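Next up, some structures in structure tokens.
Two complexes come next, and they have one chain in common, subunit A, joined by subunit B in the first and subunit C in the second.
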Partner chain A sequence: MTISRSPLAIAAFLLAVPGLLISSGGDVQATLAYSTPVILFVAAAVALFTSVSIPSLIVVLILVHVVAFCLIDLLGSMLTARPDIGYWCMVASSWLLAWFSVQNLAGLKLASAQAQRLVNFALPVLFGAWLLILWEILVRGFGVPSILLPPPSMIAGRIANSVPTLWVDFQQTYLKAAIAGYAIGCGSGFLAAIIVDRVPFLRRGLLPIGNLVAALPVVGIAPIMVMWFGSYWESKAAVVVIMTFFPMLVNTVAGLAASGAMERDLMQTYGSSYGQTLLKLRLPAAMPFIFNALKINSTLALIGAIVAEFFGSPIVGMGFRISAEVGRMNVDMVWAEIFVAALAGSLSYGLITLIERAVTFWHPSYRT
Partner chain B sequence: MNFIRNSVIPVGAVLLAILALWYVFAVVLNAPFERDQAARANTTISTGQLIVNTMAQERPVLPAPHQVAEEIRKTVFDISPTSKRSLVYHAGVTLSSTLLGFGLGTLLGILLAIAIVHSRTLDKSLMPWIITSQTVPILAIAPMIIVVLNAVNITGLLPKAMISTYLSFFPVAVGMVKGLRSPEIMHLDLMRTYNASKSQVFWKLRWPASMPYLFTSMKIAVAISLVGAIVGELPTGAVAGIGARLLAGSYYGQTVQIWAALIAAALMAAILVSLIGLVATLVNRRMGVRP
Partner chain C sequence: MTVVALRPKAQSMPNATPTNVIDVKDLSLVFQTNDGPVNALSNINLAVNSGEFVSFIGPSGCGKTTLLRVIADLEQPTSGTISVNGLTPSEARQKRAYGYVFQAAALYPWRTIGGNISLPLEVMGMPKAERASRITKNLELVNLSGFEKKFPWQLSGGMQQRASIARALSFDPEMLLMDEPFGALDEIVRDHLNEQLLKLWAKTQKTVIFVTHSIPEAVFLSTKIVVMSPRPGRIHEIIDCNLGAERTLDIRETPEFLEIAHRVREGLRHGHSYDGE
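Right after this comes the complex of A and B.
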């Protein structure tokens, strides 16, 4: 029998023992209260007394997640009382065990590339899952007021209950304001960049200003846009247009200068016109830069559309909902909106990354 | 001479063009109001008078640049900086929370980057989340953090600074991870042959090598901290700060005040970013970078 020398496994095992002996709090008579420490003890023992291998790590991971589920379930049956020392020992022990497994999984060198990819995908997922588990247990276990921080289960419940509201808000803020502003802002920034690139005087004059504006707090323009274009989605789209214009301009101009002198000379020896050089050489070479701007702008667009709604909006929209529900102390609804915004933001970012991969397949960072 | 021909003249020309366009737009956008006034008084208004009037309205749709400049001059120099009507006072409030948040955020970002570079587990499990978090519109949480912390009696500078911290630590963390990993394998191998300890490798190789990355990401971080501080001032019922100035201006239709606050914010951002640029130049020169 080999004993793992990992301090994590030893600490987890030592913390799993009190779970067996000390009460975990509350007046729980359920079988759950007796079986949870046993499962945890088995998991800790597997971690401590077997050599690190994939099967043993998988066993530990499965057991630890069963324990986590039971621990959350135990909280539900402790309606009045707060959990005791024994409970917190079990929480700490299961967290350490999860950390131990993740650490060892990260250290593994797998033979097959597919398995390695699976592990690389599983590690951040496990990390995120434990963030949620600890959030749920700590918030509910310590009785943190839900105004301060609602547990994830409450937010999930709120999302499930108010899908129609969330969808209407999403339509208003994302599908109308953010996308329209994004398209106009990026499009006009792109066209302006081509003009600026054609006129050297403009390039020298406009680029420093563009660089400066890209660092300015452009969201501040929101109240003015609301005054000019009214409180409907057009004003939010206008804010997004202004926010996305300059990053696109600056990046595209930089990208148009990215093609090498040698390639340009080659185009010249072919006797190609300005338009041909632009379409066949310089724009493709500028694509990594343009996609960089598109990615930056996808986040900016959502921020612009949401923040602009703080300055006045019809009674629909993500920004409106956030400020209204904050006022009514419905923090779970705010978190639900934030979840939707985060999902929309990450998905659009991911979509742009996929398109980028297809368009700039020739770029060194994507060649294998 | 080259500097003047290649940057001062073009930039100046573009700035003048922007100013001229601004005046044109001010006249065009403010004209309907003047015509309306004239029609109500049953008089006709001459074009010259119309143009003069459009630049001196109380609440113009777009104030002329000199109106904004006059408002800034008035609120900066004529009113004592301790008064609540002074722009200096409001800019100071915003600046203090920006700087506090930026300082904390930079520190946190650097510490996180150090942890990630030295731990394979964190690198594999935490780093993907840091990158994903950049795609999330974090700024949307700003009002909630303020109101929620107010509800538990944490008020004043700290909640706003927390938003700035939250916004600014991501760019620093990502930049510093890149920077601390920037030393070439050959240099790392050299340190190994010297039998250097982990901390020696860090202080003598990784840390100096990461400086350019640190300053680049600090520029992004300070700009975004300012945005965070301004947005953080929106929901507190418009008490103090540039954001409060913007919100109050939009409530009462004081467009000149909004523009003055915007210009002040822009100036602050420009000054902060160029200050960091200056520090970067100084540090680079001290470390032996020759231009």
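Right after this comes the complex of A and C.
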């Protein structure tokens, strides 16, 4: 029998022992209260007394998640009582075991590419899962008021119960304001960059003024846009246009200057026209810069659309909902909106990254 | 000194009467810099016949690259006249009279090797079928058949430079202007490419103007060596050089070769190329 020397496994084992002996608190008499420490002890023993291998890691991972589920379930059966020291020992032990397995999983060198891909996918999922598990246990275990920080289960329940509301808000803020503003802002920034690049006096005169526009605070321009374009989504799109225009302009101008002197001389030796050089050399060379702007703008657009709704909007929209529900102390709804915004933001960012990879496959950072 | 002479006609040149493709008279070029004017080129007189292989040699700052760029209409002379194919350099460039090979391959990384060779043809509005056949033909010419679908970064430096030569030849220009094309390569690859270039020149019978700072390279390749000297950039001496059509690298050991190399080195010394620095 080989004993794993990992200090994580040793600590997890040592913390699993008091779970067997000390009360976990409350007045729980269910089978769960007795079986949880046993399962945890088994998991810790496997981690400590077997050599690190894929089967042993899988066993530890399964057991530790069963324990996590039981621990959360135990909180529910404790009613108003607070969990005791034995409970916290088990939490610490299972957390260390999860840490131990993720660490060893990340260190694995797998022969099959498919298995490696699975592990690469599992790592962030496990990480995220344990963030939520600890959030749930700590918030409920210590009785943090839900107005300060609701547990994830409460937010999930709120999301499940408010799908229609969330969907209308999402349509209003994301599908209408953010996407329209993003498309117009990025498109006009791109066209402006082509013109600025073509007309030298604009580059010297317009770019510094563009800097000024970029420095305008959203909170300052949003009420003015509401006055100009009304309180419906058009005013939010206008805020997004102002926010996204400049990053696209600056990046595209820089990108158009990125092609080398030699490459441009080459086009000149072919007697290439301005348009041909633009299409065949300068725009392809500018693509990494343009995608940078598209990625920056995808997050800016969502922020802009949400914040702009704080300054007057119809009774729909993610920003409206956030400000209204905070006022009514419904913090779980605020978190539900935050979750939707984060999901939409990271999905659109991911989509743009995928397109970027396909378009700029030739760039040194992506070459295979 | 018997080695010298022998006009390029002696080579496998079917062109009966060599005509001047390039005529440079009293040409000067002054760059205006922050440190005052710099005489990049001063009173250049040069005639290049059709089918010749002419090398410009000299230390850095002697204006050899600048002279090539003036011929290519990438720089404008301050005074004097220059004609390329009887036209101004600008007209010649618009008529695609030359293919230019730079110090680096300058292949576009988002295009395949085939796509890079197709680039000038696309700019010139050639139909697709014609482009495809020219890509195949020119890749064969530089021994890169089978690499059409590869991307430039997947090839070695020597192969990239060969691809860039194929690109310069793809639209069948009368002239090939080469600016230290092998300067960035190691000597073994360079020797190999020198031999290949010589064969290519014999096969295509193009006029080649070749900028280099390597004496053996210039002597090995050229029918005419233009020795230049710096401050101000000017032509010090023009040395005829013709070591016969069937040259191999072994020729560099022969007394004829060493004799010409010695003359080039003497020319560079008298042009004060070895002073200063």
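What we mean here is this: the second predicted complex is superposed on the first by the 352 of 368 C-alpha atoms of A that agree within 3 Å, B and C clash if a C-alpha of one lies under 4 Å from a C-alpha of the other, contacts with A are read in each partner's own complex, and residues count from 1 in each chain.
Here, a contact is a pair of C-beta atoms (placed from the backbone, for glycine too) under 8 Å apart; a residue touches a chain by one contact, two chains touch by 3 or more.
Just so it is clear, the structure is predicted and the values come from calculations on it, not from any experiment.
Partners subunit B and subunit C, once the complexes are superposed on subunit A, both fit on it without clashing. When the shared chain is aligned, no partner comes close enough to touch A:6: not subunit B, not subunit C.
Contacts of A:263 after superposition: subunit C is touched, whereas subunit B is not reached.
When the two structures are aligned on the shared chain, A:215 is found in touch with subunit B, with no touch to subunit C. Touch criterion not met for A:162: it reaches neither subunit B nor subunit C. In the superposition on chain A, A:153 makes contact with neither subunit B nor subunit C.
The overlay of the two complexes leaves subunit B and subunit C separated by a minimum Cα distance of 9 Å.
For the contact definition in use here, the subunit B contact set and the subunit C contact set of subunit A share no residue.
By the touch criterion stated above, subunit A contacts subunit B in their complex at residues 99, 102-103, 106-107, 120, 123-124, 126-128, 145, 147-149, 201-202, 204-206, 208-209, 212, 215-217, 219-224, 226-228, 298-299, 302-303, 306-307, 310-312, 318-319, 322-323, 326-327, 329, 331, 334, 337-338, 341-342, 345-346, 348-350. By the touch rule above, subunit B contacts subunit A in their complex via residues 6-7, 9-15, 18, 29, 61, 120-121, 123-129, 132, 134-137, 139-141, 143-144, 147-148, 151-152, 219-220, 223, 226-227, 230-231, 234-235, 242-243, 246-247, 249-250, 253, 255, 258-259, 261-262, 265-266, 269-270, 273. Residue ranges on subunit A touching subunit C, taken from their complex, read 260, 262-263, 265-272, 276, 280-281, 284, 287, 360-364, 367.
Contact residues of subunit C toward subunit A in the complex are 72-74, 93-96, 98-100, 102-104, 106, 108-110, 119-120, 122-124, 151, 153, 171.
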